[in-house]
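In order of appearance the chains are A, B, C and D, and numbering begins at 1 in each one.
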Amino acid sequence: MSTTTGISRERLEQALEHSTFAQLLGAELLDFEPGKVRLQVHSRPDLCQHHGYMHGAVVGFMVDSGCAWAAASLVGDVVTSEYKLNLLAPALGERLVCRSEVLKAGQRQAVCRADVFAIKDGQEKLVATGLATIARV
Amino acid sequence: MSTTTGISRERLEQALEHSTFAQLLGAELLDFEPGKVRLQVHSRPDLCQHHGYMHGAVVGFMVDSGCAWAAASLVGDVVTSEYKLNLLAPALGERLVCRSEVLKAGQRQAVCRADVFAIKDGQEKLVATGLATIARV
Amino acid sequence: MSTTTGISRERLEQALEHSTFAQLLGAELLDFEPGKVRLQVHSRPDLCQHHGYMHGAVVGFMVDSGCAWAAASLVGDVVTSEYKLNLLAPALGERLVCRSEVLKAGQRQAVCRADVFAIKDGQEKLVATGLATIARV
Amino acid sequence: MSTTTGISRERLEQALEHSTFAQLLGAELLDFEPGKVRLQVHSRPDLCQHHGYMHGAVVGFMVDSGCAWAAASLVGDVVTSEYKLNLLAPALGERLVCRSEVLKAGQRQAVCRADVFAIKDGQEKLVATGLATIARV
């Protein structure tokens, strides 16, 4: 009966399939545990900006979604209230991986952190970091 | 010879045509003047999240790009350093419009503000607001 | 009986008198109306940083408190959840004035914006801008 | 000859002594290594807000200064461009400790992360986290 039950990996993957924007970007859930999520987007020419690396909005999507999914794993259905993102280096590589985790889950919201890495020739490079507040619905 | 010359509307529209991600979202430049830009994205089912309204990452794209374009209008080629976004209401409507402006343009960067409105049945509603730091390349 | 009743100017001034940190900085409430507040801090040598202008933490205090007070004027007792601040210019002048307003007041929180101006020889200059999420207690 | 030389612990402590605001709050440098800093502020009644715990602006000062000092340790004289802060729990305890580190140091700026802990009866509790952009002067 508790309202604090997080969603399961299966339900998150179903939600992902119904999130047409996540589908458009080809977002994949790599790892899932309570309070921690790893998600991935493969590089594609149509996800780039005019300098030729992955668009900041794709990175923003990963921070936003990674934090929301990590929160959902603990507290159930959520929406993003706010996030802040620092872009540290060009997002160049075969794929981007976002590691997100819940720092504090409260009654009404969770505060989460996310780091985004570009993977190129097997090397990981930190390209962005963010903080988000995710509200329970 | 000044390095502070902003780009013209024509060059911004060319850059937009070469930004495949902006094309993917169907982003359009509505208004352009030095330090101020208005851009638009039409609602489409594939730009939504699982609750059925426009995905926060589309709103994030608009804040990020709107601020970058407003900065570019004053200082030329730019990249986004960081941004912060508060989502205020569900992004429901036929289209989203982002109004962005430069608050301070310095030697190395510009700080910009953006508001995103959802337009539904001719009514505008503020759905998000953000602040961004845009670096000169 | 409503839980959405804001506090009065009198109660805010009483809370201010009991906020020892606000007293330490000499913060004053200049204007108060529902959803909008103007507050002031006079320059003092002990509020400066090592370059000789007002410390960013004083500016941060003004954004944080100005937003919290604007929210309190609409929704009652509050605490700050998060804020983001861009420092635009050195905070030099006889005094700093912060104008804050509520952008959206919801059931559980209010999102607010604040601009901080330095006043020098009767001239106002924008030195910082911020966004904050203020939670109802 | 490099312009990227960080300041020494001695110079940082001298700067601290000349930062009257840091003196007013009683800020102390606990640890210092290139790219990482730990700083402390002891609880005092006059640093509290009206609910009786340490004022958010003190926490904000610690995030701002901790990030600036960590950046200074790598790149020399700096000013804070922007920061964002999530307050996670009431700042209750005998003292607050901020751990800050540089995530990325570039030519013109460093991006830093900071966590603030309240220490009470020997127990550490995370009370805030932040991200900051620090510009080289």
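Rule of thumb we're sticking to: contacts are C-beta pairs under 8 Å (C-beta built on N, C-alpha and C of every residue); 3 or more make two chains touch, one makes a residue touch a chain.
Since the structure is predicted, the reported quantities are computational estimates derived from the model, not experimental observations.
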Sort out for me whether B-D or A-D is joined by the greater number of C-beta contact pairs. A-D
Hey, which chain ends up farthest from subunit C, C-alpha centres compared? A
Distance between chain centroids, defined by C-alpha means - subunit A, subunit B (Å): 21
Can you work out the whole-Å distance between the CA centroids of subunit A and subunit D? 28
Express in whole angstrom the distance between the two chain centres, defined as the mean CA positions of subunit B and subunit D. 33
Listing for subunit B: what residues touch at least two other chains? 81-82, 84, 86, 111, 131, 133
Would you mind writing out the residues of subunit D in touch with subunit A in their complex? 84, 86, 88-89, 103-104, 111, 113, 126, 129-131, 133
Seen from subunit B, its contact residues with subunit A in the complex are 15, 18-25, 45-51, 55-58, 60-61, 64-65, 79-87
Subunit B touches which residues of subunit D in the complex? 81-82, 84, 108-109, 111, 131, 133, 135
